[in-house]
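Chain nomenclature is as follows: A, B, C, D and E, assigned in order of appearance, with residue numbering initiated at 1 for each chain independently.
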Amino acid sequence: MTGATLAFVVVAAALVTASLGVVLTRNLFHAVLYLAGALVATAVVFLLLESPFLFAVQLLLYAGGVVTILVFAIMLTERLVGERITQTSRFLLNGAVVAAAVFVGLAGFIARARQPAPAVTPAEDQVAGLARALVGPFAASFELLAVLLVAALLGAIYLARTED
Amino acid sequence: MTGPGLQAYLILAALVFAIGLFGILTRRNAIGILLGIELMLNAVNINLVAFARFHADLAGLVFTLFTIAITVIEVGVGLAIVIAVFRVRKTVDADHLTLLRG
Amino acid sequence: MTAFTLEIGLAVLVLLVFGATLLARGDDRRWIGWLAGLGVLILTVVAMLLPAAGAQLGGAFVQDGLALFAKRLFLAATFIGILGGLALPGRPFLRRTGEYHLLLLTSLLGMLVLVSARDLILLFVAFELMSIPLYVLAGFAKREGEAVEAALKFFLVGSVSSAVMAYGLSLVYGAARSTSLAEVAGALAAGDPLLRLGLLAVFAGFGFKIAAFPFHMWVPDTYEAAATPFVAWLSVAPKAAGFVAIFRVYYEGMGSSVGLWVPVAAGLAAVTIVAGNLMALPQQNAKRLLAYSGIAHIGYMLMGLAAGSASGTAMVLFYLVAYVFGNMGAFLVVEAVARAEGSESVAAFRGLAQRSPLLALAMLLFLLSLGGIPFVAGFWAKLYVFWAAATAGLYWLVLVGAVLTVVALFYYLIVAKRMYIEAPPATGALSLEPMLALSVILCVAGVVLLGVYPRPLVMAAMKVAAPLF
Amino acid sequence: MAIAAALLTLGLPFAAFLLLALVPRLRRSGPPAGWVSIGAIGAAFLVAAAAWLAEAGGAGVWGWIPGAGGPLVTVGVLLDDLSRAMVLLVTLVSLLVQVYSLAYLHDEPRPALGRYYAYHALFAFSMLGLVLAPTFVQMFIFWELVGLCSYLLIGFWYDRPSAAQAAVKAFWVTRLGDVGFIIGIVWLWAAAGTFEFTALFAEAAAGQIPAAGLALTMVLIYLGAVGKSAQFPLHVWLPDAMEGPTPVSALIHAATMVTAGVFMVTRTMPLFALVPDVLTLIAWVGALTALLAATMACVEGDIKRVLAYSTISQLGYMMAAAGAGAAAAGFFHLGTHGVFKALLFLGAGAVIHAAGTNDVFRMGGLFRAMPQTGIVFLIGTLALAGVWPLAGFFSKEAVLAGVLHGQLTGPFVLLALTAFLTAFYMFRVVFIAFFGRPHDPHAHLHDPPRLMAGPLWVLAGLTVGLGLWFTVQPPAGEHGPGWLAPLSLGLAAAGIVLAWATYQARVVSADLLATLLAPLDVAARRRYGLDALYALLYRGAMLGCSRVIGWLDRYVVDGVVNMASAWSLRAGDLLRRIQTGVPQDYVYGVAFGVLVLLVWAQWGSR
Amino acid sequence: MSVPVLSVITWAPFIGALLIMFTARHRPLAVRLIAAVTTGLSTVLSLWIYLAYDREAAGFQFHEKVVLVPPLGVAYELGVDGMSLLLVLLTAIIIFTGVFASWTVTVRSQEFYALLLALVTGVFGVFVSLDLFVFFLFYELAVLPMYLLIGIWGSSGQVRPRGIFAWAFRETGVGSKEYAAMKLTLYLLFGSAFILVGIFALYVFAGTGSFSFLELQAAAFDPGVQWWVFLAFYVGFGILAGIWPLHTWSPDGHASAPTAVSMLHAGVLMKLGAYGVVRLGMGLLPEGAGALAWLVGTIACINIVYGALSAMAQTDLKYVIAYSSVSHMGIVMLGAATLTEAGLNGSVFQMFAHGVMTGLFFALVGLVYEKAHSREIGKMGGFGHAMPGIAVAFTVGGLSSLGLPATAGFVAELLTFMGAWRSAHPWWLFPAVAGTFLTAVYVLRVAKQIFWGPPSPHFEHLDDARGPEWVALVVLVGVIVVFGMMPGLAIGPVGTATMPLLTRIVAP
């Protein structure tokens, strides 16, 4: 097997383990760290898919941003509780069965899907292309996203703030 | 180069997706559930990028950008709600939130 | 540039409200609500005058008749909703009116775009723009345990569904190799299983939004806990948006592949009708009752969807309009009663007819409309969807619907019984805020007008639905 | 002229009825109300008499229920020999009875008396309408109306449970016969296409009526007569009907209404003539009825009931005659019987009025106390026993002759036996009540007031007069062989002698007779178990069936409906349990939804 | 016809209702007077059209037409023929007397009369409307107010939950007025769904784009269609006409309803069902009617006997009357099913006769109940002394219901018998006749139990009908007797309407 495949297997293994860690570990803090790991692994997957830009975005924005927010949130709640939150799980088996069933269902489809050959040449310079796309055909979506960000931020602040 | 095919990526994404769902179904702690959602959305990103790569189409990457952004937003709002819940109910155990039922 | 008039106008309004929110001082900032209401009213009027326009942004955005029809509906509904909510008591609504309306309007913006979106990304973003503010709004009374609990449930179910939806969208994109719906329609003919899987997953997302069984479970709790005028709006506008989006994704330009969705829609319709109506039977809380009855109504609309024809679509559109007036009206009356009696239970309606005959009459009209009795809008709505389903050959579905209608009438009549038959606990008319009264009156007008003379609206719906097929 | 007369006789009582019904003040005034009715019926009687003397005849028919092709149902009047005679009888007896009642019921509260006369006027109208009916439907209409009057008059003292029960029983039993009657009428209409007698007779004569099923049709029609004329087995109501005031019994349950059946058969004889077997049946039933009733009369202690049984028995005579084809004889007996049975009832009324009891064994020696009554009663009795030269003798002989002539030996024997029994039980009553030892010596018994005595004497006179008239000028019609008259006389005499020996001279012990004829005695006392049977049928079959149906309707037919609704309620209650309130479970909902969609997409949509 | 007399007849009560609602607040006498006047107006006018109707010309007269929704072919089209003429008269009589019979309603009388009058407008509308769509709207208007009328002013009896479904009885609260109201409403609305389907089916299959009765009559429908649509009409209207086994709403409903409402519902609304079957079913679908007559007639026979036996089993006076209605509606449906002149005329006549008869019955029961405060037959006795007038009226009604000559009932039953024997299924005659006998049994039994015999110890100071109540009794008794003695009055015009109908069915 080629190096690419090997890399994929390794990354995939890492990603899956990290994900399992996220959903299985008892310590919430560790769970978040596992999540960070998972996100990083995902970023690496992007890299394997020759999308360096997204790799960066994933690392910075996602792994960075999200994890930070989460840590803040946990620390905040823990401060409010006053002790370390250990989280437990419920009905592991049911969850496992359902999730497995969903996975099987999806996998069944994917297995039946046609197998396109990878495009020989990746798209021309991604960053420029993305930039053009964002101001071009997807400008409207971009604008909306901005509105969404503002509104959500507003709402989040409103809900989270202590006064009134 | 001959790397793993598209299906490999899709299967991987599906797996992560399922794991995320599993987390949501089983976690008690609201924040834990949020993490599960994160995983699911993350799986979406893998799909998108994989397709973009194998079809050599930028739209997928754009889509990914949007997804990431929206995920972040969702997490933010979600955490805000969790905190609000916590303020009033003094718990983040989702399955204790059963005032409303039936 | 007329294509974007409404969206831009609304965006401006959002900015205005935003600015107002920053400037507003004092403990009673409800004037912002007036501002928002006024703005929406203007936009509604504009929308009524606006002509349809062709595709924009390389086909990503379209302002066709369907979109316009839906937008008029959203705006009207939002106007009534804001009107009913103007006098909401409680510190958050007094002091944070700005935020409240800002979120409302952004969500509305999301709807406006959603029904025009012909591009997966735009669709997704609009969908989220519509949904996320709702989570916050559901928990807007953030000092109330129920409210925040409802918000959390709403959020969890919602974000899971949107995750599923996003996953589906990714597959759709992957299979269609494009984010444009037009391409999707083309690709579906090729019959790529991934594409079907993706569309189904997306359907789950919409199912959550329109609250079809079994994606409905957030509905009763959220409706019960959130502020009633908001619920009135929540119970109609996003659902309408969801349906129109469904038309876009699953019917527009699908040609022969339309048949693919008929069994799904029919099955969902059947279970939703049955579950909604049966679960409404034992309810004691008026809002919960209406929540379940609303689920049942979604089932009836799905019947029209299952018809998978232009007429079916048109009938759903008509149903949506009738439903907007009937359901909002009912919720607003509940609000009025609850505010006077301090209770949202059905028992609070005891003897209403003897205390405030007109309010009781209004409620009766709404109930009859929801129950599908002649002279009021709901009658036509039900009749038409049955008709559409029958012409599509779904006789069994029509039978299920008809039989369950009797069940529905049962619990509607129970409320009527409370109002008219039972003796009032106290005497003296209920006090009623003028704006709330006005919103109720608007709903009555809508219900009665459509009941007496539905034809123009039916024709309009037909006209806008025809191009989809 | 004839039609006018008929309408007049019909209209007068009706006018009286309307007057009494619609003017409460008049009705509540009592006696005046009585005089109104009496006046009306009196005038009617005069008209009838005039018509009789003028031998006026004619028919008039008018449409009643319109139809596309001419009226569907017609009504009118038909005045011929038959109806003329019957009208005369009805008006006469009604008149006398109404006059008699005025004194008989003078203790009644005034409103009640008014009501009584309103009923009487209605009855007179109805009976006349029946008699004059030119069509089956009209006959049925008035047939039912006289039934209604009988119901009302039997229940005149409606707060007596026994009276109420008797009235209802009378209505039901006769109604049972009428069920057959109406079916028969409809069938005949379907077969012949008309209800009118003249048309029907014409068709019958021309043999246009399809023979198929005609026998059954006529049997059904005859059923009506069975009910009305108290033929076996529907005779059970008549004895109970004695709960009504005595004059009512005299008029309705002796002279007029109960003879309607005989009248009907006589009237429609041309149709019955088409089906000889049915006639034979009628004859046998009549004879049997006569005998059974006679036997029951022999063991009855209530004077009115004795008379009631004798009425039944005499009706049996008439029917037998009609069945034997000697309708004229039957009708002849109907007339004479109407007179002397009315006489007997009114006499009995006088006795009861005085003695204050119906029980013959608590009477005795009345003859000395009230000679007038005694005499007229004796006359009636002799007539009924068929003793020469009273009216009864001739009509009874005519009947026997007719039956004999019809080669109906069996019925003849039964009737002859009946003749003997008739004499016996009537004189049994006479001897016990009038000649025996006074039951209560201190009772101040006296003859009735003039208003009551008058009618009695009139009727007595008629009985004798008619008898003499016939001796002078024997009636037309059948005449039996020479031995017939001696036979009947002999039987009568034998009966009288036996009665005298048993109850007057006491050389024969009644108990001995009873023990000798024990089975017969018991059966007769038990009324041959018929009443019990009917009671059983009513209670067991009808009410039982109704209970079952009622139960089914409430607890099954309706139960299913309730169960459906109850099930939906329960289903709703169960279903809402899935709404646990736990967020993760809601996510489960979504997950399941997705799964279902997946499964469908995998396998459902190929 | 310059004055739209039918519209006046139809809407006068509605105007009355509005007047009562808005002018007569807290003025009970005014309420009653308005009701009496408006219904009186309708009565007078119906009497007038009854006399003014041209029997030679026949057909639909007093025609009015206002196009409402041109594209849909919905028009406000009114007209009466001999059949509807009679039923309009019936409605007028019943509501007019009903107003007087319920003179003593004190609780919320304003709303009571308003609803009652609104309901009556619906009934009139159904009988006079020639546009199926308007017909249906009126039909619903006639059905809906019933819920409140029974629910608010009704009276509850008690039913002991027994039998295999006892649990269900407890759950649904059988016997209470709320239950009765709910059951009645749901049942009838369920039926109206069938009617609606039928009407729209005709609309579509006719393809004339019109709901007009006359135009649809001209249209020729395919036999298969006729079969199904007739079935739909039969079930839909039949529920209202109380056909077995869909009749169980009627005893409960009629027993619980207040006097005037029972009068109107049993007296007129059930006829509305039968009228629907005859007018729409037979009038528009001759072949369907011909093909399904066997079903209609057979079920009708079940109704007759079954209803009579059930009535016999009841211990509650109102239930007896209610079940007798079920039985008599059987006669109506049977007459119609015979498809013969006599039978159909009898059927229509029976609609009228039974309407008046039942109206009278329920009026009397209402009076008895009001004075004795009991519906238990077993406890009553000897009321004849205290209330002779009521006793007489009850007897007349009873005689009419057992088909005694000189009452309206007899004519109807005679005609039905004749029709039955001439029909394709002669055996129908026997259940019908048996029914009349059973009726005699239970009616006389009840009359004897209540009015005869020694006065019952349970009751003191009973008194006879008073003042306005007499109006109801006298009028109804009078109508029964007059029409019983002069049936031509009614059959004349009815015949003009039924004959053409039959010719279309029998001679295709």
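Here are a few things to note about the model shown:
The rule we apply is simple: contacts are C-beta pairs under 8 Å (C-beta built on N, C-alpha and C of every residue); 3 or more make two chains touch, one makes a residue touch a chain.
None of the values given here were measured: they were computed from a predicted structure.
Where touching is counted per the definition, the chains common to chain C and chain E are D.
Each step here moves to a touching chain, and the least such steps from chain A to chain B number 1. Common neighbours of chain B and chain D (chains touching each): A, C.
Of all chains shown, the one whose average CA position lies nearest the global CA mean is E.
No other pair of chains has as many C-beta pairs in contact as A-B.
When you average the Cα atoms of each chain and compare centres, the chain farthest from chain E turns out to be A. Here the spacing of chain A and chain E, counted between their Cα centres, is 72 Å.
Centroids built from CA atoms put chain D at 78 Å from chain C.
If you average the CA atoms of chain B and of chain E, the two centres end up 66 Å from each other. Each chain gets a centre from the mean of its Cα atoms; for chain A and chain D, those two points are 103 Å apart.
Chain E has no residue in contact with two or more other chains.
Residues of chain A in contact with at least two other chains: 90, 94, 98-99, 102, 106, 109-110, 113, 138, 141, 145, 148, 152, 155-156, 158-159. In chain C, the positions touching at least two other chains are 121, 125, 128, 132, 135-136, 139, 142, 148, 151-153, 156, 160, 164, 193, 196-197, 220-221, 282-283, 410. If you check each pair of chains against the touch rule, the ones that pass are A-B, A-C, A-D, B-C, B-D, C-D, C-E, D-E. Chain contact summary for the complex, chain B toward chain C: residues 10, 13, 17, 20-21, 24, 30, 33, 37, 40-41, 43-44, 47-48, 50-51, 55, 57, 59-60, 62-63, 66-67, 70, 73-74, 77-78, 80-82, 84-85, 87-89, 94, 97, 99-102. Put simply, chain B touches chain A in their complex at residues 1-12, 14-23, 25-29, 31-32, 34-36, 38-39, 42, 45-46, 49-50, 52-59, 61-62, 64-66, 68-73, 75-77, 79-84, 86-87, 92, 95.
Interface residues of chain D, counted against chain E in their complex, comprise 63-68, 72-73, 137, 140-142, 144-145, 148, 155, 158-159, 161, 164-165, 167-168, 171-172, 175-176, 179, 182-183, 186-187, 189-190, 542-543, 545-547, 549-551, 553-563, 565-567, 569-570. Contact residues of chain D toward chain C in the complex are 565, 568-569, 571-573, 575-576, 578-579, 581, 583, 585-587, 589-590, 592-594, 597-598, 600-601, 604-605. In the complex of the two chains, the chain A residues touching chain B come out as 2, 4-5, 8-9, 12, 15-16, 19-20, 22-23, 28, 31-32, 35, 38-39, 42, 45-46, 48-51, 53-54, 57-58, 61-62, 65-66, 69-70, 73-74, 76-77, 80, 85, 87-92, 94-96, 98-100, 102-103, 106-107, 110-111, 113, 115-119, 121-123, 126, 129-130, 133-134, 138, 141, 145, 148-149, 152-153, 155-160, 162.
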